[in-house]
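Below are the structure tokens for one structure; questions will follow.
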């Protein structure tokens, strides 16, 4: 085991934050990427509260403001935290979250007591717990609320939020806000559990998709008609979402990405990211994910290949697992 | 590639069989094991046709006859084939099938023209095709019809039959007979496809179960309540039969084997057998089943361990994949 | 567990063979494929005993006879067995061996007592044991003696023979004959152990090669010079034959197949065959080979791809395991 | 791909360090754990230069000083950097390294120009590069020099150092110092390459060991005598360090950990750590390590099991890969 002799808290956060309570009614939103832009848009349209936004890219901020005249912009995460009583973040990965919360001009520098902070990024469970712990210590509510549903769901306001919170009460207070952006708001238990639920689901999903791909390829090579095979699986014990709702074999279901050259949907790069989070969390928890780790390698490989990385993750069907394309 | 210079048909079957058509109305049943005994029992009760049975074990034959007074017994497979126009076999594995069909006093020695021969054993696809080809050559109908549903389904007459046949017509003629023993009779296409459908489904099932086991273990170790986690998966894209109908975590669903110490259900040994058939078929077909092959190793290991081999296959949950029991 | 109720010996071999002892001094050789042709050639040149050969392909027989004037040909395996006191077979796979030994006009039909029968084919351990048992029953000596060293070693007479025999004495009596064809004649214990030794070695070899390929690719992508990396591995605990003698990275060693576009050497198809034998033997023996099974899938995939199937097995380096070519 | 919009350097290090050159001749050593204690001891005995040591645990410092009267102690890493011109660190993992170098009172706060800083910790390649870049920026020399050889090698001064450096010149200047602690000092190229070489070697080693374990188990179950099997492998193409120098089967070699109840040697926990570093580095580099990732899961599982975690990594032999002990 590692000695922890040298291991002090990775970041000894000073209590820079104000001890005054947040008095305003504004919502602050940090991170206007592909997902966040659409999510913030829905808040601007539906929440009925002042909205202040921040993004590191100036042009994005300007564009968002152009589309939403009443929205205000901030120049740092700290300013968002200072001016809003509800703060939502949507960032690409753990390092960005650490920087935006704990970095110079970060959220912790501006945060008031009694605020509510919701992180919708998909990040390491350990980082999510660390962020939540710091926020709780400061006297505010903390929620991790990663989403599924993609940019389509973000635009339509139909995302699923998997939410970790310090109490049912904290969850209840966040739910109405999340409902402006999503359809299913699922309480997953303590802080960090939103992340846990998401990586658990996506690990199972990622493995299932490869298993369906291997199975469909095998059946087809042994002479079965693809639709018939899918029908049999879907009414038998092999049934799963990857088979009955999102079948990876082109032509089996007319509206899946598989039938549209694997365009749209959930990209290989995102699946590779989520599986990596799952495998790392498993190692930290001393949990073994043999099949999950093999699936992680497969999506890692596919997402490292230019012609595949932006395709939907059901495109693993095309690579017959070890990489040779079917024509 | 292997040279085929020396490879003649594995068994150059002489046309020992009679060219006279089968005139009688009897059903012959060969193989009164745990599955076959129950299946034949249902035929005796429901089919309304003379039934003649054979098993290599004399005591089994006697016991079956004691329970079914009107049933007759035969002393060889050949005699069954001679005296019945419909012949059903239910045998443990490929070598038994080869022996019963092609061996001394085997079916081929007694078979008449225009008979119908149904093999419900789960065996190598290649062997199933070879058997069917020989029967078709002799002028009879051949069907491969492996089942799922276990001894419970066999007793209740609610099995699923996955049927390969030379034509829809052949399938239609067999269906009424199979309906005495099963509830779902699924046409899977050409001869051998019944086997293909079964191993495809069971490979997908076997992988899914391990994936659910890894996922549930991971989520629990990271702090989630098992039922809540299962609920989330079951309403998300990770949803599958192994999660929503047969969850492997004890206590999540009250009636699954997992909640009954993994008693009953579908044993690890049978899953190991089916996955081995799938992996071998994949290699013959030059299809890659990386995750299927890893799953095959896991069930092989579990089924080689005395305390696990007779448990339901969802008991992979208990071994955390690499074998250490949870207490 | 499978019931064995129906399982009689797969082939109840009648004692067709003569009970008269072999009186002649001839060597019979069956199977003049790429390996066998060269091996028989060395016997013709060096053994100093009459040589009778058989191959299912007439042209091959004629060609061999043209090159070796004193050699005689036979028209069946049975004739070889009848006319020679030492019989050597070199066949592609288990079904060919079964046919040549037990089929019509097979070896068992012509075999005399006190002969010596050596099978150099690489086949299922179970089949090798079955063949040996039948030969021993007939009163002759039986040896399984698969080789390594490729067609180059066969031509040069430098093969390694891994030999299973009923006794050290049987091994000693076969050794001088094998030495005409090989350099290392290794006694591996009881009948079947020649096959066991070969599949064990080749499974380890196949896994090692993939591991070296993954390692070299990783190191190179992380910025190391290939030769330097190989040197470090070769003087450290990662050292192995696949790294220090047969490195799969082009340019690291000037004379390996890797430096010659993976031409020559030991083909992917042969490695795939041997790994399949290993995995099947493991399943029969209830031994778990998780990494071996994954390696088997990788070679299966590579050997199913036209542009790779005839390349040396070190070409797995080029496919980065999951199949995308490096240029 | 992740947007890097929010990703600033994880830690924007201010140039706290002095711009005055280091004038003294002292060596500073930070981290007196099991490895570091022994390494520093050898420096005290052999280097002929003043030695100043630091450890976060006061008792350890006191104990070291008791054994080495002439050694001085420091109260922070910054003080070491200030008082020594050569600084060596030996820490458990990446977070400790970040803290000791960049944290409050860390090395960067005390470092002078023209110093030489050698980190012998085994850590993420990315972190090693980041550390080196900061040190180089400050005007000092930076080397990553992870070791192999264990506590035995540390005590005996026979470690192998795998060294990444900015130039051959930097390597040459560090070599005489490292030679007080080790026997083989290997130049691996640019900064970070010491780490790369180590994880590459250890990934290959970890996979090889499992492959040898699977192979020996398979051969033994199929009837081969273990020593004979090992001999055959060791003179064939399966030969590797894990087989011919460190065979995992008890009794095959008298002096390996396997023959001493797997005591001593290189623990499962350390192998699990190194394989995790390798898999993470591979994902960052978009390199696929399918077999490496499966091996990582196996060591992760074994190292999570109380009765195995402190055993030598060759104890994977005992768990037959999927976890059931042999007796």
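Note that the chains take the letters A, B, C and D in the order they are written out, and that residue 1 is the start of every chain.
Methods note: contacts are C-beta pairs under 8 Å (C-beta built on N, C-alpha and C of every residue); 3 or more make two chains touch, one makes a residue touch a chain.
Remember, it's a predicted structure, so these values are computed and weren't measured experimentally.
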What is the chain whose Cα centroid lies farthest from the Cα centroid of subunit D?
B
Contact-pair count is greater, between B-C and C-D, for C-D
Here the gap between subunit B and subunit D, centre to centre from mean Cα coordinates and rounded to Å, is 53
Report, in whole Å, the distance between the mean C-alpha point of subunit B and the mean C-alpha point of subunit C.
35
When the C-alpha atoms of subunit C and subunit D are each averaged to a single point, how far apart are the two points in Å?
42
Check each residue of subunit C and list the ones that touch at least two other chains.
282, 286-290, 294, 297-298, 301, 304, 320-322
Taking the touch rule as given, give the residues of subunit B at its contact with subunit C in the complex, in rising order.
1-8, 10, 12, 31, 33, 55-57, 91-93, 95-96, 98-100, 103-104, 269, 272-273, 276, 279-280, 282-283, 286-290, 293-294, 296-298, 300-301, 303-304, 309
Can you name the residues of subunit B that touch subunit A in the complex?
125, 148, 160, 162, 184, 186, 188-190, 192-193, 196-197, 199-205, 207-208, 210-212, 214-219, 221-225, 228-229, 232-233, 235-243, 245-246, 278, 281-282, 285-292, 294-295, 298, 320-322
